[in-house]
Amino acid sequence: MKSRLLKRICKNKTSLTGLIFVLLFALMALFAPVLAPVQNANNPYQLPQTSYQIEPQGPSAQHWLGTTEQQYDLYYGVIWGARLAFKIGITVTLLAFLIGLLVGGIAAYFGGKVDEALMRFTDVVFAIPSLVLAMVIAAMLGPDIKNMMIALTAVAWPSYARLVRGDILSVKERGFVTAARTLGASGSRIFWRHIIPNSIYPSVVVASLDIGYVVLTAASLSFLGLGAQPGTADWGQLIAMARNWVLGAPGHPLAYWYTVVVPGGAIFLFVLGWNLLGDAFRDILDPRQG
Amino acid sequence: MTRYILRRLCLLPLVVLGVTFLLFFLTQRLSPEMRASLYVKDPRQMNALEEVIRQYGLRDNVFKQYGRWLKNVAHGDLGYSPSANMPVAQALKQYLPATIQLAFVTMILVVFFGVWFGAASAVHKDKWQDIVARLISVGGFSLPIFVLGLLLLMVFYGQLHWFSPGGYSIQTDIIIHGAGFKTYTGFLLIDSLLNGQWRVFGDVLSHLVLPAMTLCIGSFALMVRVMRSSMLEELSKDYVRTARAKGLSKYQVVYKHAGKNAIIPVITLAGIQFIRLLGGTVIVETIFDYPGIGRFGVLAAQQLDIAGILGFSFLVAILFVAGNLLSDILYTAVDPRIRLE
Amino acid sequence: MTAALVVRNLAKTYVRKPWMGAAIQKEVLRDVNLTLEKGKVLGLVGESGCGKSTLCKVILGIEPITSGTVEINGKNSASFGKKEWRALRRELQVVYQDPYASLDPRFTVRQLISEPLDIHGLYTDKASREKYLREVLAAVQLDSAYLDRFAHEFSGGQRQRIAIARALVLNPSILIADEPVSALDVSVQAQILNLLKDIQHKRNLSMLFVTHDLAVARFLCDDIAVMHNGHIVEYAPAEELFCAPKETYTQNLLAAVPTVPGREA
């Protein structure tokens, strides 16, 4: 079944493009220490800085993609930014999914008042745009990467809780669950052996495809100064530093284009890859297509 | 149906209370001294922090403090915002119309271009028009608005000098704060017309162009997609083939018959997206230094202006929940197949 | 000799309590009386929505009884606790209508028909388990090579054989067949019916056979109960009911059955 899925992805040109983008970024993240040797052993995500001169410098032999404000190397930022993006995306999605699984599972398993209370709590989190809520939480906790991940997890888990709960409830209604009851299976056996395996896999796929969206939101927070701090190899942070240079130099309005285009391009391609892959998966998972 | 709406209406205040309490609870992570310092306007008072803490009961338990905040809110007092340098209630009242104005102009762009591109994409399926529209649609989903915003600033402000950031120019500022200018609605686009100030109207509109173009990208991509699939579905229906067989021209069939039916889901979607834009305004208003509530919220968050953050979240939660409820109702009204339970 | 299954004055009412306002009651079964003798086949015939499936659920203990009693092998099911119900599952098994829904898609055939044995702790030894599984598969005329394939790889008829194997694996004395062929192609219906008849005969099963198809009921059943709107309208030995139906509802049902020349007599 898994190979069939892979075959279908490879057959479709757009989804194949998405898969290739995601894989390229994964390789970039994996081999970051080879592609851009670590300069500061204590914190590899710290951007190397050749001088304290403020004005960005264009691409050169020394800095392949140029430098941004205060001579932070953009090449290093893109490479290690990919690693940080995966780190943030995977950690947040995984944590949020586990919390969602637990809460959604409890709500669906117990039903009644427990279900009602938990679902009303998710309503509360849904009552405000996730970026706004994440922004407020990140601000309260103090701006750094760890707190940003906490804020992102806090706003992401309720949607998984709802997803898992809905899936469990619909699986609960299916014939084989009743069949298991008439065989004499206990409640917990039915839950763990029949309901969970049948409801969890679609949710896992949906959740993993959200990595692109999580990274986008993380970049937005960093851009607003509520995530990664200046000097971190974080795409959103690099774009925030470019803000001061969008108007260019006198007579050369586009002089510092690379400060926006390099990190912006990285995040665009990253999110694009996940979105293309996501579309393909959604088409494949769509039950109407059999 | 009525019962569902009533139930949602009853839940609305509960949800808003829940959100504000949650955030209020979070503010307790900050030390009382830190929270007290927000009340101090004169640096010389900084050594009297303990007195401020006692005066405002900042060491009381969180429920008591929250109750006090709610009581003040009921009296219309949301506290003082140091980041905006004015009372929170006044700041929200001043900034909200600008944000609504922005969302409205954005929605017009989204619907106009979304329908146009989506319909063209469906009618010329698999031709170059379709490919271009689909590429824009996929790209629009993936291009972060802060990247697009900076690129647009670079080109249209830095290079071409067509538009500039901010809410309006200095000349406009002088006029609208002058004695002759009367405020009717708070919406500058409307007030300028009521005052007969065409210059102000044009100036405000031109400042809306870049933020609206940036903000529309995500919704636009969605709109193209929905319009395209909706139009394709209409075009495949029997009545379209019948109309063509009857001898009506392709143009007549597409735009008079299919287009009319295909546009229904698009209008509904527009209603829903209008409220979703709230999240995006936070970034767009920051990039373009546009004086709306999004920028107010970001500044408050960056400067840990608690009263500002709470007031901002309070307003956003009300708008968001009410807006979602409205769009749900709109959705069922348009599509009878959907039943709310 | 006690009957396998006795249903007395059974009623079932669903109550739905809306968020506000009065509770809504819906009577699904009323005053149902049935007796299934040991080793016999009792047909329960009625249109869809008449309450047949609800009756099965009530007998199986999946839905609670509103009033009346169900006696299984002479014991009142209302007195059963969890433990008794569990023990009863080895006596009372069921084959459901839709073999696409009733088999967990993530299980192999081996897992599917082993599950009842795992639950009840039977044939725990590997070799005897394997031998027994092959026997059961042979009883439903399935090749034992299928053991490690997934249910979704099979056709509807084969799936229903798997479902029957799963019901038989506990060696029950009573089998409830809830419309076992109505989801299948007409071409395989006869095979499954023959299989059920054969198994019933060989194992001397008591069977409650639920169907909406009178012709099918006639082929298989000793007695037939006709159900309409949650109530038994006519209850008689099969031949009697077919030759001389008393109730107009039954007459109408019979009139709606197309007569097939080969099936006469």
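All chains are identified by letter, namely A, B and C, in their written order; residue positions are counted from 1 within each chain.
Methods note: contacts are C-beta pairs under 8 Å (C-beta built on N, C-alpha and C of every residue); 3 or more make two chains touch, one makes a residue touch a chain.
Bear in mind that the values here come from a model prediction, so they are computed numbers and not experimental data.
Put simply, the chain farthest from chain B by mean CA position is C. More C-beta pairs touch across the A-B interface than across any other pair of chains.
The innermost chain, defined by the distance from its C-alpha mean to the mean of all protein C-alpha atoms, is A. Mean C-alpha positions place chain A and chain C at a centre distance of 50 Å. Remark: chain B and chain C have CA centroids separated by 58 Å (rounded to whole angstrom). For this pair, chain A with chain B, the centres built from the Cα atoms lie 24 Å apart. Residues of chain C that touch chain A in their complex: 60, 62, 85-86, 89-90, 93-94, 96, 98, 100-106, 115-116, 119-120, 163, 166, 170.
Residues of chain A that touch chain B in their complex: 14, 120-121, 123-125, 127-133, 135-141, 212, 216, 219-220, 223-226, 236, 239, 242-243, 246-248, 253-254, 257, 260-261, 264, 267-269, 271-272, 275-276, 279.
Remark: chain A residues 174-176, 178-186, 189, 194, 197-198 touch chain C in the complex. Those residues of chain B that touch chain A in the shared complex are 11, 14-16, 18-19, 22-23, 26-27, 29-30, 138-139, 141-144, 146-147, 150-151, 153-155, 157-159, 276, 278-280, 282-283, 286-287, 297-298, 301-302, 304, 309, 313, 316-317, 320-321.
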